[in-house]
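Heads up, there are several structures right after this.
Next come two complexes, and both contain subunit A; in the first it sits with subunit B, in the second with subunit C.
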Partner chain A sequence: MAQIDTSPPAVVQPPARSGAGRFLLVFAPLAALLLIGVPLFLGGMPYWLNVVTNACLLSFGSLGVWLTFSIGRVNIAQGAFALIGGYTVGLLTTALGLSFWVALPLAGLFAAVIGFVIGWPLLRLRGIYFAMVTLSLTEAVRLVFLNIGNLGGAGSVTNIPTPPGIASPMDFYLFAAVLLLVGYAGIWRLQESRIGGVFRSMRQNEELAASIGIDVALYRAMAFTICCFMGGIAGGAFASLQQNVYPQTYTVSDSINFMLYCFLGGLEFVLGPIVGTFALVIAFELLRAIQEYQALLYGILMIVVMLFLPNGLLSLRRLLGGRE
Partner chain B sequence: MEQILVNGAILAANYALIALGITLIFSIMNVLNFAHGQMFMFGGLIVYWTVAQLGLPYAVGLAMAAVAVGLIGMAFEVFFFRRVMRDSTREENTMLLAVGTALLLENAALSLFGEKQRGIPPIVTGVYRIGDAFLPANRALVFGISLVLIVAILLFVTYSKTGRAMRALAQDRTATLLMGVDTARISTLGFGLGAALAGIAGGLLITVSGVNAGIGTAISTKAFIMIMIGGAGVVSGALLGAVALGFIEAFGYAYLPGSLTYLMIFVALILFLLIRPQGIMGKPWG
Partner chain C sequence: MSLLEVEGLTKQFGGLTAVNDVSFVVEQGQICSVIGPNGAGKSTLFKLISSFLAPTAGRVRFDGRQVSGLKPHRVARMGVVRTFQETTVFKEMTALENVVVAHQLGLTAGPFGIFAGSRRARADTLRIRDSAAEILDYLGLGHVKDETAVNLPHGYLRGLGIAIAMAARPRLLLLDEPFAGMNPDETDRAMEMVQGIRARGITVLLVEHDMRAVMRISDWIVVISFGSKIAEGKPEAIRADEAVIAAYLGEDDAELGH
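Let's turn to the complex of A and B:
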């Protein structure tokens, strides 16, 4: 008679770091780099400081898109919500004279509310249908603002005041960096929590998740709403940085870029969208040196990364370090 | 009114080529070809290059566009998509690769042809009159070529051995493989054919409205609208979507100010998808 082996498998568990420990392991170097390293090295280079400020804001928006990736939806609508956020900040600060610090959270909230209302029904779509309809949504929102302009409304907002208390580009950079760190911490906390687990279960199988009593419609709307909130904040802050916002500020290409940043950084890592954004934005700027072939090389570079690192730049560590 | 219907029919025929191409690729490979608009744009620019720069006849240019863009599509399948489909861990990967190829093509076009709007003079001159509607001979020719091609493609897919293999592949890849079909070759051919159709559509449109390197995303968006209306991966749906979009656009431009047309189309599309998420002819969840 066969003996059933009931002894526990002889696997030596590696000493598991606590959640907070793993978090600090990434967060502390990131914070040091953004808050000490960048100001130290790029303080004297206004052009690059602007590039990095921009990258911080784009990363913040990409973190939101990453969250919708984590529920298994390819979201190409982030540009639309960034545009909504940008216009909200622009109109509230110029027409109503509100402070930027009041307008920015309102921009996030407004984008989130619109995201919730549109997202609730649209999230029934999956796969390529969701990708295509969100892409259409970006174009639709751009056309809304364009038509408001054509019908005599405020087509574009210019002369948006700089936020009170922010006197120099360096101040704005530090604000963007802090915003990004807060966003990173928030998303990390979220994906480590029970909700994060629910999100991942929905990515694997929505029906199965529903069958064990998860309110799938609510959770996916939650992920999308948070994403839109972050898009609104990123767009609002960007409008204030640029001091203007036009219907062309965010187009379909920008929505696609938000998605690509997440993907190229690595969809398995919360750090992925940040790494992806910085890598691509900085690569694009560095390639500027070769002028006419900049765009072409950028495209080739992207394909090469996709072919050889299909799980993102951050999977390089895993490749180099062998199997985990 | 007649004029609107004539315009709608011409638009619909050109769009049908685009929609057929993207549907072919989607049904065979299960890849949403984000680069379809860029392939369209490349086809147009190749025709411009052969006709306006090299001084060759238009027919040669159109054939060149079909062959060149078809080869680009086949190369994409062999070198990029096959590899990623084999190795990828997430189903999003092929979609993102398609986005990457779109950027690659767009940037290649910018480097090769510049960003100027390019056009070539009409191939035939003269205007026909149908009732109250005017139909420039050139547009009539574009319409005729499109119709002939659509019929040819439908016949090819329905009756030829390769076409039958493509349809089988769309239904069930494993079963097709078991029947002794060289699925890798058929996939490459299907991708090439879909791409070539986009190239021809671009080559036809450049005689009407011109093409520039940045037009790709707008065309891809239109292709997506058509397959969302008709249903992804279904040939009848693609044709239906093309006809619907062509006529809606023609009516919209006649009665609504400029950019309002597409805003209405998007709003209507989103509402339509809420009622029928899989399009008119599509299977649920593609």
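Let's turn to the complex of A and C:
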């Protein structure tokens, strides 16, 4: 209806690449880099291997945060769910003697259940209100674990055994890298499917989404629950890597970092949170050499990125003449 | 039984009664219009029927089943689908993606099937692509289907809004001021489209300010003023109704078709 007199905009679409093709275009180089490149170059540098292992686990958590961004919520609670996952793995493996490989999925599930129960009412909030509440949630969870400790319970868990079958830092790194690749594939698949379309529609207009029969409350709880699951897995694996977990293992600043990783990498692409996490974690390590200026440089770096690359590092591609 | 029954519908915001004891029915296959001066409570009534607001008193029944109190997505699934005023679409998606995502209700595969790419999910995808393209072609938007909505000329966006609603397979389509801001040519085309939608077997209830269009297109007209129903009937009867003329007093006579 109402075709006004402007001639229709000429639309020249590039030939659509098949879904699998577009997936492999990013996934194959990523897998090669993580599974071949990193072991080759960092094999003899245990310190850096540890940094990259941590970056893989943090990236896995950021992927979840990215998913809540895709429904239009700024989520600063991922630290809380990583902490819940860390304690779950810690307590199940030490107190109950469960295998890490059983405890880790349980950590994810436990974080997901808590995320669902808390998320259902909280997700009615939008914008800055949701961000503020999730921020306080991180602190609340930290305080819960701190007070359990003060009451004589297990405030911290130490001597968490290394996962059976993982004998060296390299083994652990490979496990983290595979976990990240699986996470990437899963989230990519999700956002390419019609569920991803529903998530994006909700970000753009929840009322319109409801008017065409989308159960907005259910779908946003789904996105948040998946996010919390991934946070729990990341935190659980990290606790096992460190062999301990404290209330301050994940604090408010970690939750904020999870969000910054997504911003920095770019919210348009599933690869964004991974690029952002690696860039920030590695930058942080490099800046460690100049201790007292670390925070200053870190801050300047963030401001520069926000100013010149508001769509994240991956938008560099466009400046460099990439497609789109 | 009537398709839509509105019984004693009342909505109060604090001390203000926006809709006051309004009752009317819409029959299957009708084009029914709700008209009234600005601030008469049309928009509130519209939101009550689509269940985006809960009534203070009274109820809305669709096909014999209670609508009031249900969540909006449940009402949409029953077949009562609304459009929005102006240009409410998913702005960052292409026209086709807008309509594809609106096919959510036609899915046969569950979330896990969609995620895993089950045969049923793939069949859904193909069927939905065809159906979405067909709806866009039908509404004259086929040639812009790959354009991002935010880049579309204003005139196309309302059509796209209706395409989104059509994709949800309504039995009763609620149109919120479909002719607002249109020139006479555009209004004529939009009216043809509304009649085309009815010809597809979809009942239409529209809330509108443009009297000229309403008089020409409607089978039944409900007039509200200050939240209350003051008249209802066929267009000829409404045009001659004393109460309606009084309510519109001060407005241009031409608007009433005199």
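Keep in mind that, in the parts below, the second predicted complex is superposed on the first by the 309 of 324 C-alpha atoms of A that agree within 3 Å, B and C clash if a C-alpha of one lies under 4 Å from a C-alpha of the other, contacts with A are read in each partner's own complex, and residues count from 1 in each chain.
The rule we apply is simple: contacts are C-beta pairs under 8 Å (C-beta built on N, C-alpha and C of every residue); 3 or more make two chains touch, one makes a residue touch a chain.
Note that the structure is a prediction, hence the values are computed from the model and not measured.
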Subunit B versus subunit C as contact partner of A:I290, first or second or both or neither: neither
Partner chain(s) touched by A:L208 [first = subunit B, second = subunit C, both, neither]: second
Subunit B versus subunit C as contact partner of A:L25, first or second or both or neither: neither
Which of subunit B and subunit C A:V198 touches, first, second, both or neither: second
Subunit A residues touched - subunit C or subunit B, whichever exceeds: B
Interfacial residue positions of subunit A with respect to subunit C in the complex: 1-4, 6, 8-9, 11, 13, 189-190, 193-195, 197-198, 200-201, 204-205, 207-208, 210-217, 222
Residues of subunit A defined as touching subunit B within the complex: 69, 74, 118, 121-122, 124-129, 131-133, 135-137, 139-140, 143-144, 146-147, 150, 251-253, 256, 259-260, 263, 267, 292-293, 295-296, 298-300, 302-303, 306-307, 310-311
Subunit B residues touching subunit A - in the complex, by the definition given at the top: 26, 32, 80, 83-84, 87-93, 95-97, 99-101, 103-108, 110-111, 217, 221, 224-225, 227-228, 232, 257-260, 262-263, 266-267, 269-270, 273-274, 277-278, 285-286
Complex contact set, residues of subunit C against subunit A: 50, 52, 71-73, 76-77, 81-84, 88-93, 97, 100-102, 104-105, 107, 111, 114-115, 117, 121, 124-125, 139-140, 143-144, 146-147, 151-156, 158-159, 162, 164-165, 167-168, 182, 186, 189-190, 192-193
